[in-house]
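Naming follows writing order (A, B, C and D), and every chain is counted from residue 1.
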């Protein structure tokens, strides 16, 4: 059989790999997990997704206090509703059968630019870093307003973002122009390939978000067939980062976004080359999250082609416990930072960059339970 | 272990691959999805299967009005019953345990050649393209009648069709003779390999249908062991098409038939090299389909060796919604054309031929749901 | 990671491969399916396993009349009980929890050599070929008795059989001696590798049975870790057969035994190089089988280390329907010969040897059902 | 897609491989299964894990009498409670939802060094080998006390152990120093790679325990992402053993620990290069085990990051039956030594070292049950 129409290379996700212990081990208390965006140093390499179920102003304060970061979506309920709690409750309380319809309705309310500025000023007044996200189509207008209101970092994010986008608009988004115009670091995503990552870095961005298709609240791959599993996507973009660093001396952090549910997934993302991860579902399970145990992707409310679903994940613990423990959960969903440090110890990595040198093997998930005995 | 008795190469299906986003993106509103059979241009590259649960004269009108195409089976109920609604109802209302027996009985009614001509003339009077299908054994006789009655395209289709068939008949079907005799384009299938595809193209056919074994209403692979997953089958036949084009300058469109259930599958078929897809199950779910939410393969009624089953798929929306949305379904079963255009945008393809250049990766289906949380 | 302790090559089973259609097709009515053991020509390449749930004297007559063959186990209930019906009923009616214990008890009754001779004479009187099986440890004694009573073929079969067996016995079994002593063809199994197959052929055997571990009523692989999937095992032994033929001019048919449940599996075994298949479960489902819809392996009653289980498979049709149809089953469990002939037609093979030249691809089983719709 | 950030090699577990029968077979009664640690010869290559649910003083006596070995955990309940039965009952009787919390509480009781010495003296008085385990952090202090009390072998075991550990402690554990100081053999684990295994052997250890992540009562891989499937881990460490033997003439036995549930798994571990196996779950199912049908990993009670779970496995038979049969179980969980000897017979291996030469193939688990028939 002559299969030369095109090559199909294998791509791997978190469930298919595991991390190989090192030849040296390190005491977990000695490891350093920080990373930077521009001049902002972030001790905990965990960023809350720009999703309304996760990142509200009060949640941003909570996670910043613990060393992490959250991104507010400038096109979500915070910028559409003065008091978004009613809108959030409508989504949270919707029946499963009507939840997408209600999402579509809630997000049909227009964005209020004044409100947007007020929210950012409120966040800055709480004394934390203010990172906000926009989609490419609104990037020029909204990012300008956000920076003027005090935003510290602008994230431009859509399902797939490239440095070259063909549209009929005469005034399409050019990242290098945007970056010159704004006085703050710009982080862009999402991206999954070496070539697209390199082109985006060459526009001057200060961070790259990696991931198309894999999130728990995302069905892009089922709907459009598009998606690259996260281990391979992260490895390819990390290679672009390292090659770009060699060429230019500038280090652009890579942030893996989507599909991370456990400490194990987080560790695998870092070993795959990520400097930090962006997560939604694990944080929605915190008492501090506005989703009250529910999550939904920001493509879920799309009026014509929704690519996501509202999922119920439950509230399990405080944000502090989810990040640092202690915990009685043994499934990897709590004490994410403890898991990362323990992993770094077993791998013998004293910082995130040394984790990039650890070894991975292909090893399908183990499912021993229920084979000859039952969990209680 | 000396495993040299024969090579076994890997073959891939839709669930095993996904599409890699491009280095350039395109506004979905700018893309063009059309393809042609002979001189007939078809704006929407979706062809309804030649199955009685899908393609009735009224359904053919509905899908033609929306830019697509349906194929009427000249050996189905439309040519056996003056009013096929009673026969269809018997199948639809049969108990699961007796459905194959009833299919065998319904299709034991002989084909009425006069009726066949009347149906075709009726379809032509509705002002649409009339595409009809026959099996190789009946091709010479029925296709002649169909063309005389006004059919625009003849499809000759069986489980496996080759340019060379050994039988004891003195007057076996020779495609080049048939094509010379008929004044309309002839589309032939099904086929899954480079060699068989090339030989069929060399007989002068105007379209090639690809797929053996994978359909939802087909159990050919379980019954006979024969089948090739659709991504590989499409890639091999598309390579034959491209090689044949280089050699002759003639472009024979490739139509992937079977196993496509979602927009994602459709997009993967196109990226694998298809110019269009033939689908049954997704269209049976439309209000316009005669199967009223049921589907069955045309090999299912085989009296000695049925290779299929009647399945219940439910009615979910209008044909227009299934093709163009809007939708609140997030599982890829509605707004198939919207999904294709969105995918083309993410891949950076402005037409179907550019989609043939997109990249695929091997990436097993993601099943995150139910791992640490439940869908509502 | 230095993985050079030993190579681990991939091995394939029926579920992992499918058959590629040919470039030529043949009318199924023109194909020939026969094979031979010694001078005995067998039109239908399907041999009933030497299991008590399948092969009784009356079943042997039924399948011989239809062109196939059954093997009576000389160490089963037929040689232990004058009227085995009561013993069979005890097994059939046992509770699941006690079935292995009851199997162990039923088979603790000693073999009666006089009874054994009587049974063989009775079979010969019914006018059919009489093929009987023994284990290596009893081969010398029982095969002599069987041949004197009129047996036409002796099968020497155990879980794993080699030409060289190390034991403390001074009078161990030497196949070449046994074959010289007996006046009838000797078939030996089970075997799964090229080397062991070649050595067994060199002892003068007239047929080789292939398969360790894969049967539905066998748990050898779970208990001992030993087993080779059938496609690879058959391919390796078929290669030994072809190499031995080239060297000696003698053709030793290869019979794949174990794991075949459908027409599709049967066809894949033949394409993998088998001349015939040995099956249990599909035939136990016939009205003629003594197991009344139950099956158990002959290692299941082992007193210390049972490696099998009694399974209930149900009675679904007459033996004739299971072999030749007609059928309303669409899952491949009936009309096995029709399925083989249809496959040969699609592959373009006019006899079993041409089937050995057909192509296989790696293609995991398709499970479309239940994805977006439910079977009724 | 340029995937060169790092290589990802495949790694295999028990479920993915099977053992190929040999070209010679051996009578199982003739095989020898013993191995040695230092001067201690152990006839049955099965070691009970250093888990409180398995190894109590009375269990150690029972398995020693049968030819095997058990390891007492010096940091478990035996050294924390004078009479540990109440503590064990609290764990055993805990609700599933609170079991990790109760484990954390039970193990918060401090270790009593006097008690520890008394327990060891009691074990020695029963006339058996006394093998005890400690974690690296407590190795220097507790192993000295244990040897003085009469321990015959010291096992130093943690999730991942290397010869080089970076910590802030000025008096970190140096294995070569420990070994010089103690007068008894030291066995160290766990380890999964060639390089770490070789470095550990070079410190003078008398045995290496292999396995990170795969145990039934262990969730290290889910929590931290770290783990290597056992077949590959064992093969890599066995290669280090063989290379070290060639270089030094000293043979360090390799003990595979974790993930072994059946005789089949045990046999695969040996064929992968292990000299013996360490098992928990299969032995907890014995009437003699203190866990009364429950098991939990020794990382499960970790106060901040528990990596394990208490599982209920049931009590199924006497320890003698589990090791030597007879049995009516056909799933491989009983008569483990009989399974090993039967396997050795099929492979043609007369001792453990000859088993290391047997062939493995990649062959995913067979799941025929429930396909076309149901188990009773």
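Note that a residue touches a chain if its C-beta (ideal position, glycine included) is under 8 Å from a C-beta of that chain, and two chains touch if they have at least 3 such contacts.
The structure presented is a predicted model; accordingly, all values stated were derived computationally and were not measured.
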Same or different residue numbers at the subunit A/subunit B copy interface, by half rule: different
Label of the chain whose CA centroid is most distant from the centroid of subunit D: B
Whole-Å gap between the CA centroids of subunit B and subunit D: 56
Inter-centroid spacing, subunit D versus subunit C (mean Cα positions, whole Å): 39
Subunit D: positions in contact with at least two other chains: 1, 9, 11, 20, 193, 232, 262, 331, 359, 361
Complex contacts: residues of subunit D adjacent to subunit A: 1-6, 8-11, 13, 16, 96, 99-101, 104, 159-162, 164-169, 191-193, 195-196, 199, 212-214, 216, 219, 221-229, 232, 259, 261-262, 281, 300, 303-314, 331, 333
In the complex, subunit A residues that touch subunit D: 9, 11-12, 14, 17-27, 29-30, 193-194, 231-232, 235-236, 238-239, 242, 262-268, 271-273, 325-332, 335, 338-339, 342-343, 346-348, 350, 359-364, 366, 368-369, 371-376
